[in-house]
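Order of writing sets the labels: A, B, C and D. Residues in every chain begin at 1.
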Amino acid sequence: MTDTVRRNLLRLDQRTVRRARALAERAAAPVIELARTHTTTSVERAVLRLAGLTGADAEGIPWVNRLVDAVAADVGLGHGVALPVWHELRRGGHTDLAALAQKAAAGGVAFAVPEGRERQSAVTASRRAVARGIATIDRNRKTRDRLLRKLGDPPKPWIYLIVATGDIHEDIPQAQAAAREGADVIAVIRSTGQSLLDYVPEGATREGFAGTYATQENFRLMRAALDDVSAELGRYVRLTNYASGLCMPEIATLAGLERLDMMLNDCMYGIIFRDINPRRTFIDQRFSRQIHARAGIVINTGEDNYLTTADAVDAAHTVVVSQLLNERFGLEAGLQDWQLGLGHAFEINPALPEQFRLELAHAQLVRELFPNAPLKYMPPTKHMTGNVFFGYLLDAFFNLAGVMTDQSILLVGMMTEGIVTPFLSDRDLALENVRYVRDACAGLAEDFRPAPDGFVATRARQVLAESVELLERIADDGLFTAIADGTFGVTRRPADGGRGADGVVAHADDYLNPATELLEATA
Amino acid sequence: MTDTVRRNLLRLDQRTVRRARALAERAAAPVIELARTHTTTSVERAVLRLAGLTGADAEGIPWVNRLVDAVAADVGLGHGVALPVWHELRRGGHTDLAALAQKAAAGGVAFAVPEGRERQSAVTASRRAVARGIATIDRNRKTRDRLLRKLGDPPKPWIYLIVATGDIHEDIPQAQAAAREGADVIAVIRSTGQSLLDYVPEGATREGFAGTYATQENFRLMRAALDDVSAELGRYVRLTNYASGLCMPEIATLAGLERLDMMLNDCMYGIIFRDINPRRTFIDQRFSRQIHARAGIVINTGEDNYLTTADAVDAAHTVVVSQLLNERFGLEAGLQDWQLGLGHAFEINPALPEQFRLELAHAQLVRELFPNAPLKYMPPTKHMTGNVFFGYLLDAFFNLAGVMTDQSILLVGMMTEGIVTPFLSDRDLALENVRYVRDACAGLAEDFRPAPDGFVATRARQVLAESVELLERIADDGLFTAIADGTFGVTRRPADGGRGADGVVAHADDYLNPATELLEATA
Amino acid sequence: MTMNLVRAYGDTTGDGMVQLSFTLPVPAGPRAEAAAALFAAKMGLDPAMVVHAKAVGPDFTFFVVYGRSGVIVDLDEVEVHEREFPLLTAKEINLEVRSMLGRRLVVVGATVGTDAHTVGLDAILNVKGFAGEKGLEYYRELRVVNLGAQVDPAHLVERAVAEQADALLVSQVVTQRDAHLHHVRLVAEELAAGWPATTPRPLVVVGGPRFEPRMAAELGVDRIFAKGTTPREVASYLVHALAQRRVAA
Amino acid sequence: MTMNLVRAYGDTTGDGMVQLSFTLPVPAGPRAEAAAALFAAKMGLDPAMVVHAKAVGPDFTFFVVYGRSGVIVDLDEVEVHEREFPLLTAKEINLEVRSMLGRRLVVVGATVGTDAHTVGLDAILNVKGFAGEKGLEYYRELRVVNLGAQVDPAHLVERAVAEQADALLVSQVVTQRDAHLHHVRLVAEELAAGWPATTPRPLVVVGGPRFEPRMAAELGVDRIFAKGTTPREVASYLVHALAQRRVAA
């Protein structure tokens, strides 16, 4: 696929494109300022995780939660946990963080915010502790690079498959089978409800609903299983999970610590689809992206979801706007273009005349707007009926659109979408589908030349124009207002509604976050 | 679909195209000469059918067979049946042809070839009788034209569906259901074995194997049923059957008499796939095409079949060669371009890299070589496995190739191909498949612009070059030699092997065929 | 065969042909194919043609089977869940509510438990509605409180008490491991526990694409609506069911 | 459950999930869907989810059903038609024939009756062969007479007599209305009637994609080969079966 051919089929006006980016930057600026000046319970817990605190109490509540709650109760979170915790660690002569957390949970500790030289000691100690976590992340990144060199990185589009049994021990053989059949990326879907848990469960789990809990141990088990199968296949198989929900920063951290390769991570998904407090999400996403940047993890944004609640034609421009915002937030947090797996989807009603060409127009537009991003293209879900035969066909046209517009990551559609969580055989059939389309139409993109003023190019330009218009409004009225108005996914989310708002804390003047410091120092 | 866009994508060298046609003409010439100077039992029976002879004896052998056999026994067929029959009709004072046939079958008649004035009377009488049949054909053609004007002719590609229950009374509701679901053409598949019967069965039949017998009554019943449904739908639904096998001329005649609209009718299919004697077939096909020409029937040729026994890539040029021959034979017999439904097929192994683009190259080549022919495009059969899901997908890509290369008649593929004769639901699903592809990709042909020296155009030019090469050989060595060598469908058929050779007779000097005379007079 | 006995139809009346696909945890090979044929035979297919067998990894095989099923369904035996109430117009519904209650009817809706799907619930509740019909919010005499998704059953009941709800509308879309049944049972339990004995209990109306309407009693709810439900059906039902209750009381 | 009892596998061990599709001659609507659910229940699906229902004309409805099948297959119970003879190389086969018969083994092949499919027969007989293996013509010690398609069973037997055939190879591809079984029975009958009592009867070997190898005895033939047969299997079988006969004689 020659890039020169692929990247300028639509003759987009580059001035309009630049204007769209400038507007996105303007719209994002106040939100970034908010994220720089606030912390959340989950960000603070993530700091403790980087410092190596693991495990949970008898009820399954992680020690990081216990410890952060104890600190918050005593001195609030405005200073960050690092200062009071490392101060106490030294002062109280606790053997380690775990011992401290246990004692604190039992009510046996009174935290204080150190000052002067004591502060300096706490700063140094916490930095050293957190640096160890970051060193692990760095090591993992190197390991990944080494494995990619050794085993080889599959060509794009990467085939992305989901496993979702709810049981890590069923997930593992299914993931391995999927990899053997050709999957390049395995995503372990999370149990319904996890995103609203304000803690990350512990250990290997077998009881998820329609998905498996994201835990450090599950991450480790699955990554190890995929390392085995990667070696067997001579091809590095990537692992994905969800840095999303109330624990976004912590899960990002665990992903870095366990060498996950990609993470679902959106600046607005939690707000719109999980009713999480907007401020909480914007603060959390910034920290999580700093981790992802460091870990060399590719993020996947969630614009595809908008088209499940909004109409895919009417709302096409909201996808583009959100992508530009995700791009801006991502770059600011230190991500590189190659890490921005912006999401979009094939969700136009198949009964609409020229549906496929409209999809081509949208997909090609995104491709040309973000030429260096590993775009993640999502298959039809909303218009999948119980007709599994037709569903299989629709998935094929999704695959075809993906191949014709040079998408980078193809999430493989399942014919049982809308019926059950995917069967083992669904995945196998789905891969047969992708393989056929990819191989039989390998070079078809070369023959795809929409006329400069034809249907496809005109539609793409229209969507771009609508995007600029919307961005103008957002830059003027503010992103929070736009979200409250139901701009994305026709779902209204007021700035101070939603879950987890109480976990948001403004930085005190002496706020310290050794992780952010380290991450920003080298970004 | 703008024709200018569609017709010159491959930049074929028009000199090469003209050379290919000239070679086909040269190769066909001696075969046409053979057909002009010989008759067959079936041609003679067709003459009697035009003159109105119907019915069968107690064993089900039609009176036309009885009468022709009796004539042949007494005076041979070199003079044609018309002279001895109408001579005897007058001389013997038989009430009508049926009475004569019965008597002759009972051995009570001695035929003679009239001469002088008696000959003249027989000529006149036979012409008058046959003219009545031709008048019926003419009336039917007018009726069709009227219905097309009144009800409307569906846009191309026409959706072509098969019914094949073996029972005309099951076929009828299935055909009507198919029409309601969007079929533009209904083909009633014939029972296995009928093509080798040297007579046309009589009456409504319910006992076919994997197809229903072609009989005049079945034709009538189905055409009437489709007229009903055409009126109901406000769209003329065409009916197709097979003018193929040992009774090709008679079935063509019955098709004209019962207002069928299209007929499978190939110059070589019977030779290659039914082991019918080559001379017999070439003589029969000429007469049958003269009838089709008169009746305004579109013929469908059978090149698709070659690709079930030969490899679709290696043998692509044999399809083109055969199409050029079918075109030549057809035009010589009086058919117009719009009646030449040349056949081809989507039969490349789906596991082959770039399979779909190869199919596009072949389909577009045929489209550009025969811009005014209503090309009939056949779906995959050979590579349909029992995996009905994958089969459904492959059929979708066939439909897509059809839409992208502007094919005229799409035979709709069935996911159960290779398993069972189509279920009612298969047909319904198949139509859903076509409808999606046709509507969702309606204008996609506009975006399909193979590069002048790209993969698609290069492949098309290569196939054309191979075709010319093969035609040169055939023009030099003779078509019979080529057939004997296994050129078509890798099946060897020597010129004097095969069934039905004994039904071939050279014209005597006084040979008379009033039907041919009338047909050629007005052609 | 009387007119009411039917068999599956492939391409001929009475042929009984069906298509089946499944996976067995058996490595591909002749043994697996024979096992598949036996499996299909045990499902009553005779003959059973295993027309496709494909290894899915080293331990599983996927099959497609065609065959003739002996099953005969007596259409007279088929229980159809017919609508037990008349479909009313918006006007009629508003009138009924006013004359029956003398106040607005209060509806509290939520997707409960871990389920985050709101599109179905919103289709019933929001003004925008579904399939061309306006949602319940559009009805002047209905007061709609939409709590959104992932609502704790206990919280739903609390709010229902506070709002003095006449009806709870519970949506459930995720069905894996019977999550929907589980969540609905929780609502029924919370209601039993949390609703004041002094006031009549609200109607509990459940909806979602994979529910079986006949299971209402078993789940301890008043009515279940499945795939394709329209708001007017729900409103008509509410009016009907409340009227029935008054008659009964 | 012992290791040898298996259920269908959807996405969890033991879930029993299968996919089913069929058409009922019932007009679309709630009654049809209920009939489909009952149909599936009678096939043993519990629960049975009718996930798709589509009118096919006014009188029929097509359904897709997912559900849990109770069927358990005991792998020990599964009868596998194992190859009863060793696979030999071409060299071994030629040697065997020469030492056993002292002459070439004569094979007469045809597709009989109305069936015109020759690709399968040719795959076995022609030098070109199948799946990378050369066909029987390639074997020096085999003499192959390929009569082609649509051969009348009586004619086949006549030719077999004339050629002093050691084996008849009969291909049947069309199976609609059991045409293949019918034609094979005709061959068996013609052979019984037409073969001279004085010479030993040739082996009758039948092949085609939809045959059930276990039916050989029932059809009165010696061996049936199904989909995917390769020429070497057939040649090995011929040598094996003729050797067995000699032992028996």
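FYI, contacts are C-beta pairs under 8 Å (C-beta built on N, C-alpha and C of every residue); 3 or more make two chains touch, one makes a residue touch a chain.
Please read these numbers as outputs of a predicted model, since none were measured by experiment.
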| item | value |
| --- | --- |
| Higher-contact pair (C-beta pairs counted), A-D versus B-D | B-D |
| Reference chain C; chain at largest CA-centroid distance | B |
| Between chain D and chain A, distance of the C-alpha-averaged centres to the nearest whole Å | 53 |
| Distance from the mean Cα position of chain B to that of chain A, given in whole angstrom | 60 |
| Distance from the mean Cα position of chain D to that of chain B, given in whole angstrom | 33 |
| Between chain D and chain C, distance of the C-alpha-averaged centres to the nearest whole Å | 45 |
| Two or more partner chains touched - positions in chain C | 9-10, 13, 17, 19, 21-23, 49, 54, 60 |
| Two or more partner chains touched - positions in chain B | 387-389, 418, 420-421, 423-424, 429 |
| In the complex, chain D residues that touch chain B | 21-23, 54, 56-57, 59-60, 62, 113-116, 118-119, 148-150, 174-177, 179, 209 |
| Interfacial residue positions of chain C with respect to chain D in the complex | 6, 8-10, 13, 17-26, 30-31, 34-35, 38-39, 42-44, 47, 49, 60, 69, 71, 73, 75, 77-82, 210, 212 |
| For the chain B and chain D complex, residues of the former touching the latter | 166, 173, 176-177, 180-181, 191-193, 195-196, 209-210, 273-275, 308-309, 418, 420-421, 423-425, 428-429 |
| Of chain C, residues touching chain B in the complex | 9-13, 17, 19, 21, 49-52, 54, 64, 66 |
| Sites on chain B touched by chain C in the complex | 164-165, 167, 170, 174, 385-389, 416, 418-424 |
